[in-house]
Amino acid sequence: MSGKNILFLSLLLFIPVSLAAKFLEWGDLIVFITAGLAILPLAAWMGTATEEIAVVVGPTLGGLLNATFGNATELIIALIALNAGLVDVVKASITGSIIGNLLLVMGLSMLLGGLRYKEQTFQSIVARVNASSMNLAVIAILLPTAMNYTSIGISEKTLQNLSLAVAVVLILVYALTLLFSMKTHAYLYDVGVAETEEIHTKPNIWLWSGVLLVCTLLVALESEMLVDTLEVATSKLGLTSLFTGVILVPIIGNAAEHATAVTVAMKDKMDLSLSVAVGSSMQIALFVAPVLVIAGWALGKPMDLDFKPFELVAVAVSVLIANSISSDGKSNWLEGTLLLAAYTVLGFAFYFHPVISGIG
Amino acid sequence: MSGKNILFLSLLLFIPVSLAAKFLEWGDLIVFITAGLAILPLAAWMGTATEEIAVVVGPTLGGLLNATFGNATELIIALIALNAGLVDVVKASITGSIIGNLLLVMGLSMLLGGLRYKEQTFQSIVARVNASSMNLAVIAILLPTAMNYTSIGISEKTLQNLSLAVAVVLILVYALTLLFSMKTHAYLYDVGVAETEEIHTKPNIWLWSGVLLVCTLLVALESEMLVDTLEVATSKLGLTSLFTGVILVPIIGNAAEHATAVTVAMKDKMDLSLSVAVGSSMQIALFVAPVLVIAGWALGKPMDLDFKPFELVAVAVSVLIANSISSDGKSNWLEGTLLLAAYTVLGFAFYFHPVISGIG
Amino acid sequence: MSGKNILFLSLLLFIPVSLAAKFLEWGDLIVFITAGLAILPLAAWMGTATEEIAVVVGPTLGGLLNATFGNATELIIALIALNAGLVDVVKASITGSIIGNLLLVMGLSMLLGGLRYKEQTFQSIVARVNASSMNLAVIAILLPTAMNYTSIGISEKTLQNLSLAVAVVLILVYALTLLFSMKTHAYLYDVGVAETEEIHTKPNIWLWSGVLLVCTLLVALESEMLVDTLEVATSKLGLTSLFTGVILVPIIGNAAEHATAVTVAMKDKMDLSLSVAVGSSMQIALFVAPVLVIAGWALGKPMDLDFKPFELVAVAVSVLIANSISSDGKSNWLEGTLLLAAYTVLGFAFYFHPVISGIG
């Protein structure tokens, strides 16, 4: 059993600890921290269960399953936060997930992989297709912000309608990217898939479905506690809701992908590492964000795609630098460091960012 | 005779219909629609006539002719609208043409071509040179907007002077790109030219000059009717002048290029298809826009290059995504879909955009 | 002795002339112009001296020396201007140096090189690494501007703190890029270095150290006179402090690099030419700018990284077009012309830019 697995198993201890913290009233800060830590191993188990089930049900259904449950943790946290009315935190966590996947995850992967291998290469074709899809997605989800920022007199209703229209287009595009990667151009993605396959006995679908169900319920429970205590806990730590949403929540929600991407990068499987990082950003922008807009509308907690203007800047900047670094199909430790430096600098900016935002 | 030709010939019927609509006073909306439809075949005939004359007068003079008359329809509509004082519509149609060529035309070409061929390739060298020229052009025409948006207290006179200075630089650059593509580096463009050549008898220059003259006059006539009825007709349709300028007018003005680009893409001639789409954007930005600025100044209807800030965002976004998709010299149906999705999303945004604009 | 050397030697005459102008009170404008001209040959001699000493002390120490003294002239002018309280001019000269190196220097090199050679090629690997570092640096130094522009209620203290934090990150990144280019991945840069090597006798380190010392002192002296007379002289010429800072000061400070980059481009050594141009921009953003922020803080003349919003636009635009042109590892005269056209258009914009700036 690897060190990583032991770490994840021991993190499961935080499930009872967080429950104890809640019912014995140890304080919001402790509930917040322990619930956050408890989510990490659950997210990892959900990932494993999804992959095992995918092996049984075959590539097509399995691919769909992976695509839908890939960001399940994030989606659950966001839905619970949305239902609790923390619309700003949810919106911030969308941009934060994109930034985090592109800069923190890709940066750590390239740095740690690059410390072991002088130069690492990856399939630039898939990288380009992904980059283009992501560019579109990022542009689309930021369009309402750009429109609101550059115009006067846009009503909340208009922003809401535009956001819904954008959400529908994005979900259609998402369905088409799945069709592309699983049907019409599946051969382009073969390399990445082959790398994950290892010979093992056929997994027990009932066992893993049970694991998936239990983990999903537990993640929902812990997310409930996380969200309930979020405002008090972070204000105790002197953090704004923007910083919490952009930096903290995505780190918790994406920890499993972080671990996977970095681990495989250190085994020189950069294709897989990048497809996790970029693919996760893409899923957030093409699937999670639009689902949240539609869910918010259905739940009566309307969520538009009007982000803070500085979030627009931060995402644009992250996409630009990630594209510029990944477009040549090669990476080294310096490129990883540059991505991490960009993340650090953006982190500073969000830390210092005032709560009140710009015009519009 | 191909289906496309039959379609274009039958559209010629709209010339008498539009005239009847005008003189029998069938209403502004009908005049607007029929005049718009009548322009489509005329623009196509102008294109054919220009190409036939180009064959006779030889590559150099022919290239110049193509470069000058390539966007003649657009230029005529814009000049008439400018003279009628519809400065905002003219400006919107400039950005709309750039967006339309890069997203709608290129997107349709890649999608329809990609449905027939799994992967299509094109000369990335020419694509890059064009992309760089277009980047410059787009940057230059958007600079006055950026300056006005980011500063306070810029007088209309200053914007006018800056726009004129920019226009002169752009026309010089346009002349230099012609020199580059027709003289010093003509060999780079050979592939594209060869694709268009078909063996046919030497065309009759007098016949085609006559066709060109008649079509130009008819386009001017129909454009006059289009512009006269534009405001009433579009407000009856519930559309803003911004949406009309950015989406409707460019579709009418560029229909011929659209048809050409898509047709050749479906014959797997992606080089030619892209050079029509990107070349047309480039001509708008490097030639049509500066000519309009200078013409407006000469006509006493001063037109600066101060667009709505959101137009700046839309063009920047279109250039970024078109560059990201075309830079690898390959295309597939998904990339076409992404461009069309970007166009759709921008279309929604312009539809919902309020008439009053941002700061400055 | 080449024509260039004769020119530089004769420019040395401006040292006594500028001193005479100052002490005989010929007027601020004449002092300003003669001091500016006197700096040009001194900067060139400093460059030569640094390179000769670098040959003696070996590649590692020599590389460090080059990296530190490479922009010494700029740094000296900026430090003196900062100490004189001309914070706005110093900030403008940072963005102006980046723009000037990317557009004016690279543009002239590609144009003049391209007039002699049909197509010039360069190592795109190094170009990409440099471009990515520069993207990061540019993003980082513009982040405080972006934050201030898109938000309300950011205190000067916050901007100052954010700027200091960014400065520390940038200096660390600079150190890491040196480690990368001189140690871990030095082989990537071999081609560029080999091109500069010419067989010559071992230089006299004492002689060149003396030259370096004398030139540094003289540059400081002339910069003092330049800065003292800057405001009066430029207002006599009808120029704003913004235009002076963005266009004039960088041309004086970077003249030596300009000459080197263009000269080697005309010998078809594009690798070296680009590494001078891009490397110089990179040094400004990763080293000079952060040093000035820290020095300003130490000198009690706090300088933040909050530029005018239009400077942000100008730098972003320059980086985009320079990346788009250099990313394919090939250049021709048209690409050089496009860069120069972009510089000209930006120059117009800064000329017309009002002194008062945007929101925030």
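First chain written, first letter: the chains are A, B and C, and each begins at residue 1.
The rule is short, and it goes like this: a contact is a pair of C-beta atoms (placed from the backbone, for glycine too) under 8 Å apart; a residue touches a chain by one contact, two chains touch by 3 or more.
Just so we're on the same page, UniProt names per chain: A, B, C = Ca(2+)/H(+) antiporter.
From a predicted model like this one, the values you see are computed outputs, not experimental measurements.
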Open item on the list: As a multiple of 5 degrees, what angle does the CA superposition of chain A onto its copy chain B give?
Closed with: 120
Open item on the list: Can you check whether chain B and chain C touch via the same residue numbers (shared by over half) or via different ones?
Closed with: different
Task: chain B and chain C: spacing of chain centres that average the CA atoms, whole Å - done: 40
TODO: Please list all residues of chain C that touch 2 or more other chains.
DONE: 149, 359
Open item on the list: Going by the contact rule set out above, which residues of chain C touch chain B in the complex?
Closed with: 118, 149, 308-310, 312-313, 317, 320-321, 324-325, 328, 330, 332-335, 337-338, 341-342, 344-346, 348-349, 352-354, 356-359
Task: Residues of chain C defined as touching chain A within the complex - done: 124-125, 128-129, 131-133, 135-136, 139-140, 143-144, 146-147, 149-154, 158, 161-162, 165-166, 169-170, 172-173, 176-177, 180, 184-185, 323, 359
